[in-house]
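Multiple structures follow.
Two complexes, one shared chain (subunit A), two partners (subunit B, subunit C).
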Partner chain A sequence: MRIIILNFLYIFFTISLVYAQENLKVNNIEAKELYEELRCLVCQNQSLLDSDAPLALDLKKLVLYKLEQGLSKEEIKEFLVERYGEFILLKPTFTIKNILLWVAPFIFVLFGFFLTFLFLRKTPVSKEEVFTLTEAEKEKLKKVLNKDIIE
Partner chain B sequence: MIIELGHYCLALVLTISLFQFLVPALGVRYNSIGLMSTSYITAYLSFILVCFSFASLTYAYVISDFSVSLVANNSHSLKPMIYKISGVWGNHEGSLLLWVLILTFYSAAVAFLGKRLPVKLISLVLSCQGLIAASFVSFILFTSNPFTRLFFPEIEGEGFNPILQDFGLAIHPPFLYLGYVGLSVTFSFSIAALLIGRVDTIWVKWVRPWTLIAWVFLTIGIALGSWWAYRELGWGGWWFWDPVENASFMPWLAATALLHSSIVAEKRDTLKAWTILLAIIAFSLSLLGTFIVRSGVLISVHAFASDPSRGLYILMLLIFFTGGALALFARKAASLKSGSLFQPVSREGALVINNIIFASSAATVLLGTLYPIFIDAINNSKVSVGPPYFEAVFIPLMVPAILLCAFSPMLSWKRAKLENILERVIAVFILAIMITAIFIFIYGGSISAFLGLFLGLWLILGTIYEFFIKVGIKLSFTKFLLRAFQLPRSAYGMSLAHLGVAIFVIGVTVSSAWRIDIEKPIQNGESVVINDIELIFLGIIDVNGPNWIAERGKFEVIRRGKNNEYLFPERRFYPASKVNTSEPAIMSNAFFDLYVVLGENLNNDESYSLRVYYSPFINWIWFGIMCMALGGILAVTDRKHRLGYSVKKNPKAIYK
Partner chain C sequence: MRKIYLYLPLIFFFILVIFFARQLILDENPSKLPSVLIDKSFPPIKLNQLSSYKLFNAKNLLSSGDPSLVNIWSSWCAPCQIEHEFLMKMSLEHNVKIFGINYKDDNKDAIEVLKLNGNPFYAIGTDEDGTQVINLGLYGVPETFIIDANGNIRYKHIGPILEYDMNNIILPILNKIKRE
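For the complex of A and B:
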């Protein structure tokens, strides 16, 4: 009797494995997006999508299962962060803690423009210095031009 | 014996490099031409000695001398000859020796080509190069000696990481290092200019070709690396924003900025202090890259054997060179006079925006790469900064750069009228939008696909249009050809490089937006259908390679009902290192790649797990990068950039 039960369990287990393999197909866009944003924790530096490690396969199964249960992407991420920490997120959270990371690129650009502004202001702007005539010169120019036309 | 000679030569190089650092510097201090001129000889001598040293290590690899610890740890007698040779730099010690070899090569090249330069300038440059060489040679000798012998020689080597046995990767480090170390030349030139206290035309004319050379090598090196990652890692991806990849990308971004700012410095005699600062930053970033790769402070797929004490030494070098150079810059930069002025709307202005964007991108990549370390140090928590972050911040940074790139070559120097330019480019803009819209209408696609395609087309059309304007419109056909023929090579170089960027952008956009992934178990005789392609599995054969055994799958590709090709993806096992690898098979052409990866045998029956990626236009990525590199080569061979060209007969007089 015991053997029969064990056999039965074994068969059930293999079938469910095969079924799970079938389900691992990346056909679900949401699942794929999640795989890309989650880190395979035992790999050197790979996302779940790019990993064959047993843990990655298990996590992929978990993600699919949670998606089938109707959880949203954010809920699944929260669930995983609770267990594995923020290390699992390849995209750092958009929170006050990581604010430096997210705003820095734009601060760099603004700082660049600010420096350029200082540079251009420090050096006299050529347009006014070189190309603008004073009132007296304009008068003179007018005279010369008029003269030319008359002659 | 040869190994010991090589070891001895390297020790000699340390002494000579210290001599090369000290004596010419003293010569400059006491105004002695004799002392200064020693720099030429020491530069040649170091190069010859390092060559010998490198050759002796290569010899040990070629004859598989397993009494040398490095060879025993990293090589194997059954390895194909090319990988035995590339194995010389496939490890920490050997790659540093290659680094020094290239450094001394550049020093010798500067000495050889710079005979007509002011001796004071060249002595200071070579002195700085000598200091860099001395610090790296001492690093090799004291912490990572490649010539150490084993007391009990091994009978067989331990082999090396089989995934690294690839032709693209065999030649990837030399190119990358030619780029990294090439930036040391512009760095040394900048230090020399700061010490002399002036940046003149000769200086700029010399720095520009060296920047171009370093940039071209760096570009090719990075492209080879990503090409390798694409073909070998087996996921169909080509860039992973991995710390080690970022380590090579940061100097590239800085070098690209330097390339553009040096144009302004050369043509308009302004932004010189900024150009010097960029040269310092670019080399510092390549030192930082060396630190990141060699210290193992960051988790990377490119897991090199690393050792914290080595990391510490490089970190000290980095702090010394960067800190020293920046301190010197802070003291002397104010004395560098800026030349002509310009309006915000002008070619200079556009190049400044290019510089702001590229410098910000380099800073962003730096921040993202080091951020996990900061957070770990501050509150002892672990975060990951991965591809989704970099894509989210990098694309918004680059979009304006590409928008600008299409028309800024049409802007005139000093000041340009925006209205004139708008009039010109509006047609290009409309045309690009229309073609993109038609394409998206036919094939479908997201907003990001629309944006990417539009940017690519906008840049292609803008670059072509600019080229026509430069040659002259409203000319007869023969006259047009004649004038086009007379354009300098640097003009062609710029257009080609910008076209390369456009091709790259299109490649990236199309290959990610229309990529198809299929992952499923497959049995003998079954097939997979993707668009108009049918892939039929014809079974497995066992194959024996030189140092591996493999299961090789046979797949027939049928396209539009006709047999096109057979594909043979493999699952290899390397007994020497007990490693399994997947060798993807790729059907490649100009418009798509079919990338087939054979997985494990499932449940011991006939079915295997299979992954197939269909990536349209993916080869445009590397084709685009090669166009950029080719553009750089065209520019560097331009007559006006030929080294030594247009320097007066007795240049020594200039600095006296």
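For the complex of A and C:
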């Protein structure tokens, strides 16, 4: 009985694994890379690889077809950007137009360092100086203390 | 004033408030993609004929000498059915030449819709496998393009054309192009 159950479980799990593999299988490595770099325009924060939207399937088919025709990855991306705009690229291009997008994080970090520097500089570092009273001050203190005690 | 840097987070916060308020007030839908094809010529696409309806091709798109609409629709697309009424209105009352691209549809269903709700299209072409409209940057139906007399794309409307869109967006743009 135990063996039958184990066998059943074994078959059950291997089948589902095979199925999952089948679903993910993309023969063409270049195509897979492209799918990952392209945005599904229907579910807009998914890549083509993740998306099963009909348009994504069509675009995947198109990418595969273009690769088979011998177009390079860059050419295919260009083809799609010409039609859908740069939004279809999940990773924005490094151009003058996008420079702020790329550089802003570094600007913020530098700004943070600058602020830290300012803050640290303006806060006096407590030096362990010993302040002693002058003779005149000692006299004055004595007087005040004595007066208080008398009163 | 010496400690102005202590106020920097607050200043930064208000800049963010302005930034977000702009998006809220302008009510621009960021998921709507602006077309990159604006002011470019209508791309050559190969469409198939739907039954005995006049076939939409590059020739009859340029034939009118007036700006026209190219509407991408399907029988299975609910917003397209809502929009249909206004396409009819524009075609009949405002004499707008509308070209239809039937997207990933069953010919029988498409014909049935046209028989049931009327045919607003001057000419129709079908794109059964959805490969041709990729050249137009289509990412959902319905989408409508305004094409000027020279065959250049002037505007792209994403989603259904409702009464407001017809009166306040589509017709004014058509009139503006006509006056040029």
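By our rule, the second predicted complex is superposed on the first by the 96 of 151 C-alpha atoms of A that agree within 3 Å, B and C clash if a C-alpha of one lies under 4 Å from a C-alpha of the other, contacts with A are read in each partner's own complex, and residues count from 1 in each chain.
We take it that a residue touches a chain if its C-beta (ideal position, glycine included) is under 8 Å from a C-beta of that chain, and two chains touch if they have at least 3 such contacts.
Not measured: the values here are computed from a predicted model.
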Looking at A:46, would you say it contacts subunit B, subunit C, both, or neither? Reply first, second, both or neither. first
Could you let me know whether more residues of subunit A are touched by subunit B or by subunit C? B
For A:36, using the defined touch cut-off, is the partner it touches subunit B, subunit C, both, or neither? Pick first, second, both or neither. first
Just subunit B (first), just subunit C (second), both, or neither: which does A:58 touch? second
One more residue to check, A:118. First (subunit B), second (subunit C), both or neither? second
Which of the two partners, first being subunit B and second being subunit C, lies in contact with A:85: first, second, both, or neither? both
Is there a shared patch on subunit A that both subunit B and subunit C touch, and which residues make it up? 44, 85, 87
Subunit C partner, complex, touching residues on subunit A are 41-42, 44, 54-55, 58-59, 61-62, 81-85, 87, 115, 118-119
Under the touch definition given earlier, write down the residues of subunit A that touch subunit B in their complex. 14, 17-18, 21-22, 24-26, 32, 36-37, 39, 43-47, 49-50, 52, 85-92, 98, 100-102, 104-105, 108-109, 112-113, 116, 120, 123-127
Contacting residues of subunit B [partner subunit A, same complex]: 233, 235, 237, 240, 242-243, 299-303, 338, 341-344, 352, 355-357, 359-361, 363-364, 367-368, 371, 381-389, 392-393, 396-397, 414-415, 517-521, 599, 602-603, 609
Sites on subunit C touched by subunit A in the complex: 5, 8, 31, 33-37, 104, 129-131, 134-140
